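Before I ask anything, let me first share the structure, which is written out below as structure tokens.
Letters A, B, C and D name the chains as they come in the text, with residue numbers starting at 1 for each one.
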Amino acid sequence: MTTTATTIKDSVHDYIELCPTAEALLDTAPMQRLRYVRQLSTVQLVYPSANHTRFEHSLGVYHLASRAVDQLELDDQLADRLRAAALVHDVGHGPFGHQTEAAIERHVGRHHDEIEWLLTDSEVGDVLEEQGLDPEAVAATVDGRGPLGELVSGSLDVDRMDYLVRDAHHTGVPYGTIDHSRLLYALRTVDGELALEAGNVATAESALIARTLMNATVYGHHVSRIAGAMLDRASERVLRDEVISPERFARLTDSELLSLLAEHEPTADLERRLRERTLYKRAIWARRGDVTDEFVGLEYDHTRSLEREIAEVADVDPAAVILDSPSEPSSPESRAKIVVDGDLRRLEERSSLVAGLDACARETWRLGVYAPEPVLADVQAAAATVLETDAIVAP
Amino acid sequence: MTTTATTIKDSVHDYIELCPTAEALLDTAPMQRLRYVRQLSTVQLVYPSANHTRFEHSLGVYHLASRAVDQLELDDQLADRLRAAALVHDVGHGPFGHQTEAAIERHVGRHHDEIEWLLTDSEVGDVLEEQGLDPEAVAATVDGRGPLGELVSGSLDVDRMDYLVRDAHHTGVPYGTIDHSRLLYALRTVDGELALEAGNVATAESALIARTLMNATVYGHHVSRIAGAMLDRASERVLRDEVISPERFARLTDSELLSLLAEHEPTADLERRLRERTLYKRAIWARRGDVTDEFVGLEYDHTRSLEREIAEVADVDPAAVILDSPSEPSSPESRAKIVVDGDLRRLEERSSLVAGLDACARETWRLGVYAPEPVLADVQAAAATVLETDAIVAP
Amino acid sequence: MTTTATTIKDSVHDYIELCPTAEALLDTAPMQRLRYVRQLSTVQLVYPSANHTRFEHSLGVYHLASRAVDQLELDDQLADRLRAAALVHDVGHGPFGHQTEAAIERHVGRHHDEIEWLLTDSEVGDVLEEQGLDPEAVAATVDGRGPLGELVSGSLDVDRMDYLVRDAHHTGVPYGTIDHSRLLYALRTVDGELALEAGNVATAESALIARTLMNATVYGHHVSRIAGAMLDRASERVLRDEVISPERFARLTDSELLSLLAEHEPTADLERRLRERTLYKRAIWARRGDVTDEFVGLEYDHTRSLEREIAEVADVDPAAVILDSPSEPSSPESRAKIVVDGDLRRLEERSSLVAGLDACARETWRLGVYAPEPVLADVQAAAATVLETDAIVAP
Amino acid sequence: MTTTATTIKDSVHDYIELCPTAEALLDTAPMQRLRYVRQLSTVQLVYPSANHTRFEHSLGVYHLASRAVDQLELDDQLADRLRAAALVHDVGHGPFGHQTEAAIERHVGRHHDEIEWLLTDSEVGDVLEEQGLDPEAVAATVDGRGPLGELVSGSLDVDRMDYLVRDAHHTGVPYGTIDHSRLLYALRTVDGELALEAGNVATAESALIARTLMNATVYGHHVSRIAGAMLDRASERVLRDEVISPERFARLTDSELLSLLAEHEPTADLERRLRERTLYKRAIWARRGDVTDEFVGLEYDHTRSLEREIAEVADVDPAAVILDSPSEPSSPESRAKIVVDGDLRRLEERSSLVAGLDACARETWRLGVYAPEPVLADVQAAAATVLETDAIVAP
């Protein structure tokens, strides 16, 4: 800590000190853009205080990475790479974060090539090189590859440590308030792998528990999922109609996407509904046991053909039916490594909780069919027939 | 508290219970719009966590008004009017809140008529009437007039109680964290006037102190002021060029205004600078004693003619010079009423701190001249000459 | 909420409003005594900030009970009884809370009769009667019996809601920070039984998780357990030596007990060790699988005879060996009732987590043998032989 | 930050890392004793959550000193001395902190010699020497003398930074929540003197404001003052009666002092009143203008003779009258140094607030006369006569 470091005040971590690389990166347009992408996208429709951005989250992840590299006493070059990767890890995110990810991937391919392209061929890449860093190595780190890349993207990464605490602070839901300092103090490198020192099974479990509870109450709230599904359909439409190239789409801010949707006639109604919060409602809300396996984690094309089928049976506009069947949940945290009697073990081998939390996560799984209020009853009846389920939502 | 009340989770006040009037008002488009207007507009360029919105603030003000009307044991009708006024008090705010207020007022006249018009001739007005409330009476209350209107807008209002605490929570700057519960418990009505019960001079002072310190560190930060001045000039330009009517301008969200600026050639550069945070810089930063009285609190026309004069001397584009000379600060809190020996007294009569805080506020007053980096030195020299000051900012 | 209610500022719940019964009860000596009994007794030897008392906790439990009876819209008489029971629920606790409970019970019998006796035959009982309450009914409520007694002592009680949040605030360990407001909002009475309304499985799980994690990191920390075991032995000694009657013992404060121990020669060394934090150390620290069933949850007499046996083998003073083998953990929260499809269900029937948390709790079970440093190695060897275990603690 | 540092969890500063000197010092009996001395002594009789101790405060002051010496990049030896002094700065405090200070000083002389004696001739002194530190130099630092001693005891010291934030956390009163990180970041040494870098007038003012508001609401609350005055009289009595030597008195814990008072017949009633919170009440409560100058800041002997005079007029036992007339308040913070245009200035020279805050502090000054309820009216009348004031407290 020198007397001249630039510091930024953060509502979660108090003062964040910037290294020269971070200062230079923050001045780029792609980083500044993250001020206009909400961290929790449509969750603010349920938790009105959840307006924090990927910009402040990126600063937080950078801060935790800084503390981790100090704790691990890494050499300067690796430390600088890890800090830089932490700061830029979200720079490739499209508008509304994960909620447009699938649409972007359907039109430009995988996102990992994307971040590599972004870092090597942009203002961010230039800054990295000026600071003596290899953009490709930073991109690999963002993707969890290379030396200690798992610190940025892995089972114990600083990304998750920051978002759990930050999302708790901004939603008011306490479940995400993990003891991130304890996780940082417990970090060790064992033969180049990141692990928690002995005696930290409960510490690791607490992070997994926090995410499971935040999923159930915040991240997976049905109102946010409905809005997200509406965004996905609208995004697909503007991309399919070639209103914008997928590359430019991926660089929009949240509000720029909404403006685009408002100006394109086929998506204008969805945009107005999102803006005024007159969302589609749940017609079907089915647990794992309420539907057959074939309807779990549907491919996009299959989803769309089922939507059309439901619309046909209900005799409504196909745009009035949204089917949303996510994959079954996974829990990367359960693969966190812990030192036990001198050996590395996966958390899932040592913890009696992991299986229960997995079951818990599976229980929060839902297949949803959403429709606008006027046609809700018709869509409900049709969807029950097509999906052979009786998990209808009472009006 | 009934078992069926709708509640909303807030990061500051925890759960907020909604009365039926509040539920109905929240569903209107003008209220939903406030989700897209940041409470502290450009302050997020300095404090990256300050992304909270006028929507969540409105809920907070409603919540405090609810607690106050319970505390004061008001009759149902007045209580409902005060709660409704608290909830809608910001519905007339333009994009970026106070930072476009002056531009809007120059083109549509005073904002108070504005809120009255808004409440009587819109979806919000209809809902108020459906709920048995008189929109004009609610508008008067928002303006601080009528029975206990001062609870919503006055020297002890719930608006200020909420924003101080909320801004502290979201910036991370603790100074705003007042003891709002104590203020609420101390509220009394004395002959229809709102006052604090005896023994609360320190309670009232603490609110005044909090605002003074938040002004010095947060609200009046020069980076936010520069961005605000840039927004004012750009707003003036699109209004003068009749790109949009002032009425529609006043209903834009933050990002809709930025989109508008981006699409109008004369304002596109300002918009890009705001978005990428390559702001104008300070050429002059003058304290009260650094300039003569004639330059304090300048009228708009005078400001613009001085800007042109500076630009001419500097031989630069007039758009490259922004002069910003606010009025001297006032402190409405100092007029808060307190019961002393059975009589009502103004805080300023009883507190030794008010004068010091006023002096303190005057000391944070600054006149600024801002310009883009390439012409900064030229503008600085010219402005020093025109304004007869040597309060230049070292590069 | 009237304008004249007495309020008390609390660091956890902000202002707590007192009803007349509460005001009267607080003025009694038995309630004032709780200011001098730490809520977490010896935990402050590990978490130095954990100095909160049973007095502030009692106020917190009272506050949550007040909110619950409002939420449940109970009649005045039942509400008053429940609030009173919440306030006095800990008045029968001995010094150092649970850590002298076993010693007291060995000498005076069961604690339930104790609280009944206390409330019917003391200053507290008189105040209850003056306030129109039946002390026996209040005693039953403290014990979880009678109408809604489970609100004060049961699977969803306000005691636990307060202590989890308060212990988190004062230790700095975040795991206990449950969403107690959500639990309160979800409370319902169904045929006179307390339950959570539908959709609150995760809410109930979160309380169970919080306690499990607080057990692992705070309540069951070995340093606190060692100090507790030392206190138990010293308490037993002064009671057996009839230095004080068990009735008077149970009314001591923490420090009065320490003074008593300091003045009695056979316990003076234990007291000095507690005061100066030169505690016994772990010789054996055995998991469930490290010892045979016969050594799990030992009766007191069996414990003492094993201690003597170990001392004999080690050839040390019997007072230098402490054996500590708790019962297996239970989780009352898992029996919380939740409305599911209109019926009441136990949490354990609906939650995939309960079994995992139970396993988790069992894993934190440990049998300990403690001894002073100079004889530690000798005691360790002897205990390993006597208990047939190799779970020794490396020095 | 090494991977093996011992850390302690604190409710205010999260994890505190201990240097070897700190670890060794914490193990001494004089430091452990501070676990049993409440930081705010009798304030807990008003704010029931205020049970934090001088032990956790000492850790907090040590932590802030550690951060300061890193920030100032001091050499290892000076850094170690400052950290050690911060940790032990309260080790010389008697039971109930400042509330027995006057009684101790009347019997053993000045406290500064006291801390020097304590550090040079005790277990603490031995540990300091083992760690290569000179106990006399550490004692000087605790007293604010020697190189950067003002960091530990001065106008900007870390003692105050910790107690303001900690007292706020534990009372629930937010006024003390200063931005201590900003104060630390602003610290500079200028020619060996401690100062805040330019631009920090508001930062320094905020600390002064915080203490002024905490004084008014917490530290100077009349209930705590009454209890403190009762303690002072009881302490004087046991010292005068030679029940204990002043040296041993100064080493008691809070509860050991209460036990001592309980066992000495002339002080037993005062002790019972403190323990059961049946305190003396205010007969007179006079502002600065309500009494003549001769009664402001009375010497002890003068105080006692006035008490006897009042008792005589009232015809009551002299022990039933307590007169309490503190000196006028001072504000060391106003002498904090700040860099202004390259020179060091005192805060009071640059701040418009200091005078107002001084006036504010003077306004909270009160002379009190206290007496037990049964003789309150008699004492009130007599005191009004003797002190020639009409500032009586209505019953």
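Throughout what follows, a contact is a pair of C-beta atoms (placed from the backbone, for glycine too) under 8 Å apart; a residue touches a chain by one contact, two chains touch by 3 or more.
It should be emphasised that the depicted structure is a prediction, and the values quoted were computed from it without experimental measurement.
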{"item": "Chain pair with more C-beta contacts, B-C versus A-C", "value": "A-C"}
{"item": "Longest centre-to-centre distance from chain A, chain (CA-based)", "value": "D"}
{"item": "Rounded Å distance between chain A and chain B, as computed from the means of their C-alpha atoms", "value": "34"}
{"item": "Chain centre separation (chain A, chain C; CA means) in Å", "value": "41"}
{"item": "Mean-CA-position distance for chain C and chain B (Å)", "value": "50"}
{"item": "Shared interface positions of chain C, touching two or more other chains", "value": "14, 173"}
{"item": "Residue numbers on chain D that touch chain B, as the complex places them", "value": "173-175, 177-179, 202, 205-206, 209, 213, 216-217, 351-357, 359-360, 362-364"}
{"item": "Chain B-facing residues of chain A, complex", "value": "8-12, 14, 27, 29, 32-33, 35-36, 38, 44-45, 47-53, 55-56, 59, 169-173, 253-256, 258-259, 275-277"}
{"item": "Of all residues in chain C, those that touch chain B in their complex", "value": "1-3, 7, 14-15, 70-73, 181-182, 185, 188"}
